[in-house]
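Written below as structure tokens is the structure these notes are about.
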Amino acid sequence: MFNFNPLIKKVNPSPGMPVHTGEKKVEEIKVSIIRYDNKTLNEKIITITEKNRKQSIDNIYNSSLVKNKRKKSQVLWINIKGLHDAEFINEIGSRFEIHNLTIEDILNTAHRPKVEDFDKYLFIAMKSLSLGKSGGIASEQLSIVLKSDIILSFQEGGEKLFTALRNRIDNVKGRIRKRGGDYLSYAIIDTIIDRYFFIFNKIAEQMEDIEKELLENPSHETLKKIQELKNYSLIMRKSIWPVRDMMRYLIYEDLPIIKEINIPFFRDVNDHVVHIIDIIESVKEMLTGMHDMYLSSISNKMNEIMKVLTIIATIFIPLTFVAGIYGMNFKFMPELEWKWGYFASLGFMLILAGIMLIFFKRKKWL
Amino acid sequence: MFNFNPLIKKVNPSPGMPVHTGEKKVEEIKVSIIRYDNKTLNEKIITITEKNRKQSIDNIYNSSLVKNKRKKSQVLWINIKGLHDAEFINEIGSRFEIHNLTIEDILNTAHRPKVEDFDKYLFIAMKSLSLGKSGGIASEQLSIVLKSDIILSFQEGGEKLFTALRNRIDNVKGRIRKRGGDYLSYAIIDTIIDRYFFIFNKIAEQMEDIEKELLENPSHETLKKIQELKNYSLIMRKSIWPVRDMMRYLIYEDLPIIKEINIPFFRDVNDHVVHIIDIIESVKEMLTGMHDMYLSSISNKMNEIMKVLTIIATIFIPLTFVAGIYGMNFKFMPELEWKWGYFASLGFMLILAGIMLIFFKRKKWL
Amino acid sequence: MFNFNPLIKKVNPSPGMPVHTGEKKVEEIKVSIIRYDNKTLNEKIITITEKNRKQSIDNIYNSSLVKNKRKKSQVLWINIKGLHDAEFINEIGSRFEIHNLTIEDILNTAHRPKVEDFDKYLFIAMKSLSLGKSGGIASEQLSIVLKSDIILSFQEGGEKLFTALRNRIDNVKGRIRKRGGDYLSYAIIDTIIDRYFFIFNKIAEQMEDIEKELLENPSHETLKKIQELKNYSLIMRKSIWPVRDMMRYLIYEDLPIIKEINIPFFRDVNDHVVHIIDIIESVKEMLTGMHDMYLSSISNKMNEIMKVLTIIATIFIPLTFVAGIYGMNFKFMPELEWKWGYFASLGFMLILAGIMLIFFKRKKWL
Amino acid sequence: MFNFNPLIKKVNPSPGMPVHTGEKKVEEIKVSIIRYDNKTLNEKIITITEKNRKQSIDNIYNSSLVKNKRKKSQVLWINIKGLHDAEFINEIGSRFEIHNLTIEDILNTAHRPKVEDFDKYLFIAMKSLSLGKSGGIASEQLSIVLKSDIILSFQEGGEKLFTALRNRIDNVKGRIRKRGGDYLSYAIIDTIIDRYFFIFNKIAEQMEDIEKELLENPSHETLKKIQELKNYSLIMRKSIWPVRDMMRYLIYEDLPIIKEINIPFFRDVNDHVVHIIDIIESVKEMLTGMHDMYLSSISNKMNEIMKVLTIIATIFIPLTFVAGIYGMNFKFMPELEWKWGYFASLGFMLILAGIMLIFFKRKKWL
Amino acid sequence: MFNFNPLIKKVNPSPGMPVHTGEKKVEEIKVSIIRYDNKTLNEKIITITEKNRKQSIDNIYNSSLVKNKRKKSQVLWINIKGLHDAEFINEIGSRFEIHNLTIEDILNTAHRPKVEDFDKYLFIAMKSLSLGKSGGIASEQLSIVLKSDIILSFQEGGEKLFTALRNRIDNVKGRIRKRGGDYLSYAIIDTIIDRYFFIFNKIAEQMEDIEKELLENPSHETLKKIQELKNYSLIMRKSIWPVRDMMRYLIYEDLPIIKEINIPFFRDVNDHVVHIIDIIESVKEMLTGMHDMYLSSISNKMNEIMKVLTIIATIFIPLTFVAGIYGMNFKFMPELEWKWGYFASLGFMLILAGIMLIFFKRKKWL
């Protein structure tokens, strides 16, 4: 019922020796290396297994895409999909001069979203959300290392995040080809943030379902669904709140790595983030309202049950008593001898029942 | 029941290519161009359909109202009603040198209210609320681009927002004719904000209705209405909160585009905004109070039902038992033979019932 | 039941043309003009009707009290009681060079408390609370225009606010005669704030009544009273919260109009304001506690009702069954023939009832 | 039940003429004058009645302890116990050059804790809490006027606050003898703050009692006790929150009156204050938890009652019906003639009852 | 049930004379002295009893590890396990020039986590949490005195906190051997913080258990467990919140004692702290959700009980009435004489019961 994992994940207890703490989500690590400017575009994709690890790293580092001197406007993006091989990530880290703590944060997939400024690069960690197969929300960590025009991104690998973004890079005339590495990092962040809106669509659908259930046949199951959505909004809030501080940092800290001309784009993402937070708060309040509706309809049901019981019992108990009276075996009971006694008693009972019904009508129970 | 749309609207998932994301609210786009100073006033209204789009844009741009050199005190206001034709809006944007992101924000009608300072202009987005036909709250986006004395405003088109404002401009002696473009933008914002108070009047009416229902005949429907109002106040809060920051920005940032002399007017709008927020908070607390009253009256009803059942059952069950005793068929039951046995038993029952009634009276159940 | 008016008042929808938006609370406008220093004191009271309006204004403006050159230490206080004649207020405003927006705020009695610094004067708006006739809280707006040693105050007129203050001015040796216009404005504010404590006394009394009701005979009415007090505290909070910011502004902004020597007095008022806010929060929490007590005693009552029903039913239903058994008409029922069968059955029933009673005793239901 | 007094006390409605607003807690005012440095210690105790007031004031002011020129390291502490004689306090105030507003604050015992910096002295007001005789919390105001090395403290007089502190001063080698007047004021504040922990011990005891009651026999009384503790924590919070700001002011404002070397002691008190606030929040949440437990056990009781009723009724109502059938007087009822009809019917009833019991067992109601 | 101790501990009421306020957790005090740089490592462990106290202190202070002049890169760590001997701690304090107030804070184990900057050293106090034997959370105080490269740590002694850390120091190539005393203090803090995650694992397990109980057989016990977890999260929050401010202080205050190069490590701990706070908030909301689920399932149970009672009673009460009718002893009752009267009445009853059943089916009660 409650899906703890995205909320309480185990955290690597021994800092100092980077270990991967999440699940293994892909079999092989895929590294895609792209180098582009507004004219050229080169790409290389390397698959890493445990066996060819060492050689592959050399492969990556010595490939012309990485090694050749880049012109000022050229962007190099290395995307690594799959984090289970800690040794490989460590090696990549040391080659690209990434701080040991950053490597730990990349490998520890239970980390909180954050941005950190190491003099030589900017480190960004975010949560990418998606709908799990069983309907729940799956959370995946995306880490970005931004060294002016070299960008390394690390994903756990469960989802195809960057297909659309990759296609946009193919377009020679696109903004992305002209604006440098900071714009690419904006595009990556934006891709992640936009996924939140898809989840909202799913949540909105489920809320409509719950609404119908509340109207037609509210049950304990309905409440479970409401709780589930509450937990989802909890996960989303936990994933997006820190991004707000992160975006502010990127926008207002005057970082040399982010060009003045690209700031409006980061501001745009920030607007989306604030909008998401707004929606989450609204969703939470609406779920609380649904909860109240549920409680009210349950207690309404109870009231109805009690009403039926009370009406039936209140009408028949006195009647039964009257019947009981004339069922007594006293020797001397004058009424019993009367010719019309039986019918008189039936009539009396009818009148009694009638009075009761009028009483209930007045009480608006009928 | 719950009206999600104003809360969770779809957001354009692909930044980079401005697309209109809201519903199409009018058939034709209407562009009204007004140019005025404290002496002259010229106006031109152009209707744009898909066919005459290209030509119309030239028409707008080359009209003497837009093209002729303006004197220092002259204000040019272009109001565009209807946003469904993204291409047209894009074209307008590029002619008036509006940033691509601003165009996206204008077209994405699910945006959060905000103000943004692009060096050449100030961009303001707000939500204009109105009462929908089915009683709910309809939300419409209004965007303003303020370039010193050129003002472009973009409305979705569902509502006639500016009739009163337009009339005020006709008045040659009005303040609006003397104070320039920033005053006009104040007047536009003020028009939007004042609409919130009309909604409050409607909400107040509905609250009075609910109050009566709570006193007379509270039902599950009453709670639904309370929840609905809660959702309305949610929508209003979501629409007005960001405006607060917006107004503060306009007032305290010392923007060159807003003249010192007009600041008190913006401060006045800000007072209204804060007042609206205050009222929303009060409404929320009063609705919570109503919810409590509802719950209490439901449980009171339940208590009353239980009381009736208990009184009837508690009186008649023992009596029925007594009647049952004398309905037994034992051979040797002395009472049955007594002459006055029957009446004695009836008397005994009466006394029993009397004791019960006194007991209930003491318990204050009667 | 719920008193909306003080919470949601209509607000003048058309800024630009000052109109009075509240109720007309007095028939005639009374203007009292007082001019004093630590030696002299002159006073003039003028009554304004619609007919003599024009002449009266001249009267006020040209009276020696207003027109004559004042010595440095002399204070001129013009108190206007009654705001329904917008034209008169407008005229006063233009004579004393008060900004149009200030006039609007004076006339719009639904305004939020605030302080505003127009270079030439300080504008202060507050809510004066009093107990209405029907027991509710009545709210009235008091506006102060402070131009160094000229003070204009505007009251709606429903209440005699300044009797005590007026008497204190009569006292030649009083602090008020020596300390100038800013001290007078402090004294006015202090008068308004002190009225809040009287309301607290009333609320405390009502809370004690509710307490007694909760102990003796809690009913749905009790909850209504609790809700009413909650609404009162809502009104008070809404009226006092903005005053806090206002006082801070007066104290910390180093306004030239408020003399250093009088700051401690404003600080003293601020202490009162913070104290009031504290009390309101406490009152709110205590009312919540009372609400909980109410709910608990209602559910206790319910439990007691159920207990009585259960005890009676549980004792007599089995007994009635036994009686039913021996009321059956089978030909062959050996017990019926026994001589002591009847008494044996009665004895059996007694034992059964006794067992039940012991059971209930153990359950602590008796 | 609810103890309003410490929450809503009457406040002096007429500022300008200091009047004592609390209860008279002692018969006679006791003034103790102590003058000490790290070598010498002199003390004088004067009792003031209405008759000897004037003379006593002269007595105080002219005593060698007060009048003689003090050496740099000498501290003069005048502690006044009993505030009911406003005239006396006023006189003391004017002799020691205390601002009129400070005198008012000293006499108005409903004041909020605060610190105020008058150029010549520092004024500190605090609430000293103690356990009242009837078990409630009694609140008393303590005011301190700190003029470098002259300290005046004013207590209402209900409690012996300073016995332990006085003893510490006797100790020639104690820190208190060497560190000057600011250290003494720290010691006074610390004495007051430490009393809060004693109250927590009492509250903890009561919470343990409530816990036991919740486990054994929860009743409406239990809830009353919980509410009472909630009110206590309300009083405590109200008394301690402002002290936090006060301590911060004393620590961070760089007041000349507080020596750098003594700052760590004030910081230590501040730690205690923050700790107290923490505990109050925890206590509040635990009381809320207890409230929930109470509600749950009440509804559990209800459920149990309903279960018993349902089991008894559900078993016997059908049986009684069966008995009723064979109690009918139809001429032709074949079963009645059967030899074993009676026992067959009894057996049938037993089986019916057995089925019911199995049903209840399955439902886990038994 | 509620475990008060970690929340409300007694606090030393008499400041000025340091006394140990917690429980005695170990029999003997163990002092371990370690001195290391990136090449050498020396260690000495001394056990202190009351008898050898004086001598042991000399032993410590005069040992070559402590006394010999240290090279720039050498770190001296003295860890003291056991705080019950106040005299010993006082002596240690005076030898290492620790302020009296710090000694008090070390001995007062109910202190709030904090950091304090005494010019000569930095004092850090934290709470180390662990799972108590009886399942509850045990809290222990850890104090650190950091004087550039001398570190004194004081633990109550109930837990073996530093085994893993000690092992890491043994590793000659480890980061810890090269980075100086501030890194060691980071490592100590990190060790304490990481323990919180173990507690979360335990809480997550218990939440899963509760979840199962909620699904299968919710009872009052389930609520008790939920409350217990709420209290745990209360304790955790109380222990971790102040650490946040503490970490910020260490990171942003530019303390000379913490080297620039080690700041990222403190930042890393800070991330963990913020993460812990996030998780606690999530746990709290999930527990609230569980509470709601519990309440709902309890009221569902109640509804079911009521339904069974109502169905049984509503079916059989009218039938019993019919049977009662024909049990009456009137002389003239035509039906009784009919041959098929008995079977007709039985048939009528069957039809009546059938109608009821259809009615219940429609109501969805069956």
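Letters are used for the chains, namely A, B, C, D and E, taken in the order the chains are written, and counting of residues starts over at 1 for each.
Here, a contact is a pair of C-beta atoms (placed from the backbone, for glycine too) under 8 Å apart; a residue touches a chain by one contact, two chains touch by 3 or more.
All values reported here derive from a predicted model rather than from experimental measurement.
Trainee: Shared touching chains for subunit B and subunit C?
Mentor: The shared contacts of subunit B and subunit C amount to nothing, since no chain touches both.
Trainee: As a multiple of 5 degrees, what angle does the CA superposition of subunit C onto its copy subunit E give?
Mentor: In short, 145 degrees.
Trainee: So, what's the distance in Å between the C-alpha centres of subunit D and subunit C?
Mentor: 27
Trainee: Centre to centre, by mean C-alpha position, how many angstrom separate subunit B and subunit E?
Mentor: Averaging C-alpha atoms per chain gives centres 44 Å apart.
Trainee: Any chance you could list the residues of subunit B touching two or more other chains?
Mentor: 299, 302, 306, 309, 313, 317, 320, 324, 327-329, 333
Trainee: Chain contact topology under the given definition, line, ring, star, complete or other?
Mentor: If you draw each chain as a dot and join those that touch, you get a single closed ring.
Trainee: What order do the chains sit in around the ring if I start at subunit A and move toward subunit B?
Mentor: A, B, C, D, E
Trainee: Mind listing the subunit A positions that touch subunit E in their complex?
Mentor: Per the stated touch rule, the residues are 1-2, 4, 7-8, 10-11, 13-16, 99, 101, 104-105, 110-112, 114, 116, 118, 217, 220, 223-224, 227, 230-231, 234, 238, 291, 294-295, 298-299, 301-302, 304-306, 308-309, 312-313, 316-317, 319-320, 323-324, 326-329, 333, 335-342, 345-346.
Trainee: Quick check: in the complex, which residue numbers of subunit E touch subunit A?
Mentor: Spelled out, the residues of subunit E in touch with subunit A are 164, 168, 174-176, 190, 194, 197-198, 200-201, 203-204, 207-208, 211, 214-215, 264-265, 267-268, 271-272, 274-275, 278-279, 282-283, 285-286, 289-290, 292-293, 296-297, 299-300, 302-303, 306-307, 309-310, 313-314, 317-318, 320-321, 324-325, 327-333, 363-365.
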